[in-house]
């Protein structure tokens, strides 16, 4: 940068940025063309991880307070949306890396040993900030996920584990949702009846349907009982606790109720942003799940059944880990217990009023 | 169409095409807005299934002969590439359908019972033409995959099972690959030695590495023995037969060898199109796997743990089925047994000559 | 459909849907393989046009009223977002069609004469519903855009021209925006001063910058005067009228002011949905512009400098038309006149209060 | 890196890579959240430019020889394909940057003055390596495109101008195409007759079509004459020279002829890779054109009619430059002069033989 103002290459630190591509194959004496792609793709991922962390930090700062300023809700929604767009890029980048064939990869793969994507501290930080917990993780060839880090990186990653995650702050924000109880309206009770009535109706259809064989009838009634059990657990604090302890639910009961409320009455002005936020949390879960799955497919193609450079069980590990890394799983489960709009408990006018703006358009 | 030439809407049959969107919710008395999206998305899928079948049929016609005309290889590669582009659309369409929320879906879901995507005959035909076999399929709530079809559709789908699939014709084409044996060069023997030497070298490194603990050394040596076993099965006809019978390999031994040869020497002019073809088969497998996985994620989001409209186990079924529907799995496994370019057996001049064009550029 | 419930193929009308692919080359005696792709792509476009019309109609119904119910804003935003996702598909489909080479197209192109995409009534209906006016359109080889339709289609398309477009209803909705005047706060006056001050500051920097040559200084000052002129036209009703008559602005002055207000104070709870709506209108314009541009590129590649099948000037026509088909151009121009957040006029508490919800979280 | 092997963060130079994000707004005293996105997007672009240059360099090295080894054709095709995938990312990244609103941009835009994307030396190097010439470029506010560079960057960029571009080496490779003349077969003569016959046939249809008005007939006949003129220029060396001097054609006449030959007989084994290469050159042109166009749309949205930070005419400049930056324009024009497969001159057996492999499959 001169005193005449900023020069684009200085602004972006291009001299350093474009000097960090050091091919191990070149060091080894024979440059392998495709190693450059391998490096650029991974560096690009790290840049985008930095961006995602930047967005998550800003969202955590807004949410980690006793009350979220409504003025900030639009900002939070926009930043979550941005993360989903970055995830789109991340998934697309796998396709770019796949232009390298297994044979090309073999030409420099040995040079990389034992480096591994598992040593990306930033990616672990993203996971921890979202709310993946140590108990949600698979062991990596018998080791904790932090085993491959040097001390500095391990400390960084573990520090984040200590701080509130997006899951934590969203859970608390959900718990603070007003409207669920108002004079003699108690949403959770009313909702229980609505779901119950619906299940009974459906059950009656099955019981009296002359077209069903006895066998089919039995099977379908058993299905209803199963749904009923699941649903009963939502209302009984003890049963809910059991589900939670078993890891089948993660949100507190109160937060879960609020999430159902927001989803059911999403058209109310005051719930439009909150419901959009819940949807985006599912989008982000889905984005990472899809990325992990595609990553696993790519690894399968690149190394077959070999072990990964980091000594992991390779593609199989990655595939399994895709299943376990959903943070907002409860929001998916929530769909199991929705009722159609027509069956929703009717909201009292007082609540509806308080969910509107007071101006006249 | 008038005698003055073709009119675009007539050419495309728009009067019929645009008259097939009949909302069940409208029949039921109250139009649900999002049912239109549901119908359009599924109709659009069916149009693209028809296109994929059209491409597959043309490829099958070219390959299902005693020899494939080299002039047709470019065409086949282009059409497989087209299928991968269509798969890109199919995956993107899931994102469009996801703009419908679970609550929107509930508003018309009951009307659809018991219709189900499992009743898409065209999709099953695509699967059968690719080479998914009855034994590869999951039962659907205890039933064969054809149980939900009417007689006509079932007959159509089962007919395709009888005919050679893409897998079958590609296997036979691979088996006819020349070049593997030439005078005193026997590729498969030479390759065996190359892999063996490499494994021994790697083993020696592990055995003598002073940094490894005894425990680590043991584990890593066990890994080598495992790879060695897998690799031995490729060379021993009996062991290969065992693997094949157990479903761990599907291609014939000769076809598998040819696939390795094509992959290793892909730069040879005569192998450029064949190796591209093998890659596209993996792309197509990956495309459908990704689509199925994304479909499963969407179902999870839309219906939670409920059963599907067709009575299937819903999202779980779809996820499992994504794993089992790879037709060209062996091509992935092949990566496990590649050697770096430097270790490849050297081809005799005679073979190299016969893989070139004879003109002078 | 039987009385046992709905059958998927019946629900989707597959017997008719999949019977509408009639290749002209087949009629002509020799099936050209790629004509199927051509038909399927165009049919798929027509299905999606139907979907877009469906969404636009529902949005028009919500907006074409004396007041828009706040409860519907979330729905409108979601449906506009859905349109942008459909546009993503539409753009992707061009890539699929491009898997057909010019040589493949030539093999059946003559059969299509004189049919043309210009005969898609649905696409013209989409344009008209968005708000493209007859005067915005290019003549097509000297003819009105409706010249190639049969009487029925022409009537349909022209009927839509008569009805309020999305542009019209959004303009009226903007004009109704409250908040712009409140006691002694007059947004437009305050804003004028803010812009003015900023321009003066910037001007002073240029006037006193010792690094500039006289020539550079003159050029930059001329630029400032130009911006000042444009900006003055926004405040002077007569000048605004001149700009509008000349087609450089389309929104009424009041609507334009409201759009600036919404954009500047987009964080206010009551403006989060409206500002998102304005952004989506720009997204949709951009989506169609990009699609038209890509379409033009594809046509260029497919037919070179030949005339189109419909007798149009081909690729050149399409490229030109991409430029002229933005409906919400004013929203882009709006960026020219924004001020940074720090320079925004400060809103009185009364207005801020009325843009919040009244509950306590 | 320790002596225990490579550590992933060291391999990627993460300490430096992740230390290059220096927000000017932070230096100015108040961090603007979205400046991080702005930096990361641009850095990511620079990484990918480096990758594209890496691929182009390897392709130039292969092609800049007296003969291209056939073994390398598959590699070249694969690397061009990779570039198109990278372009897909580049286009997608615009959508990510668009998650920043104009108001967000204004908050730090002044800090960047006068830095500008026009100062990306790497991007200019990509353009020069592809084959954009100085005369193809627009002046930038009256200046040469190199005016904003510092001396070092300017020297780098201008050096590349001196070296053979992809256009140059492809042109020479095309000129070396064998097959065009063989004993008494002369492709270009035979092709001239084929095109001529076709135009005469089409002309006869127009002359005798009773449905045309005199006016329509006149217009269409004039069109034919125009096409005939264009086509005549291809065969007459003098006229071709005139077209070339006027910038309407760029390839040498011999190279143009070879490109037509390759396109028409693309199914021949020896022409499958070459025709794929020509298509990829068009894909790459189209990729950059689309990217520039989308970039222009984004700029329009972000800054309206303001001038760019680099003092350019902003969006208008970008849009215009999209039109002028096609390097392989002639390949598009080529479509204008293709004939359907049925009308192609018949190749003598001798040529067909020399375009096949000599082995028996």
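As written, the chain order gives the labels A, B, C and D, with residue 1 at the start of each chain.
The rule we apply is simple: a contact is a pair of C-beta atoms (placed from the backbone, for glycine too) under 8 Å apart; a residue touches a chain by one contact, two chains touch by 3 or more.
Being a predicted model, the structure only gives us computed values, none of them experimental.
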Common touching chains of chain C and chain A: B, D
Interface composition of copies chain A and chain B: same or different, split at half: same
Which of C-D and A-D has more C-beta pairs touching across its chains: A-D
Pair from B-D, A-D or A-C with over half of its contact pairs in common with B-C: A-D
Distance between the centres, which are taken as Cα means, of chain D and chain B, whole angstrom: 33
Distance from the mean Cα position of chain D to that of chain C, given in whole angstrom: 29
Length of the line joining the C-alpha centres of chain A and chain D, rounded to whole Å: 39
Multi-partner residues of chain D (at least 2 other chains): 4, 266
Touch-based graph of the chains, sorted into line, ring, star, complete or other: complete
Sites on chain C touched by chain B in the complex: 4-14, 16-22, 24, 33, 36-37, 39-40, 42-44, 46-48, 50-51, 54, 58, 78, 81-82, 85-86, 88-89, 92-93, 95-96, 99, 111-122, 150, 153
List of chain D residues in touch with chain B within their complex: 4, 67-68, 70-75, 77, 176-179, 211, 266-270, 272-273, 275-276, 354-361
For the chain C and chain D complex, residues of the former touching the latter: 101-103, 106-107, 109-110, 223, 227, 230, 263-264, 266, 279, 282, 286, 289-290, 293-294, 297, 300-307, 332-342
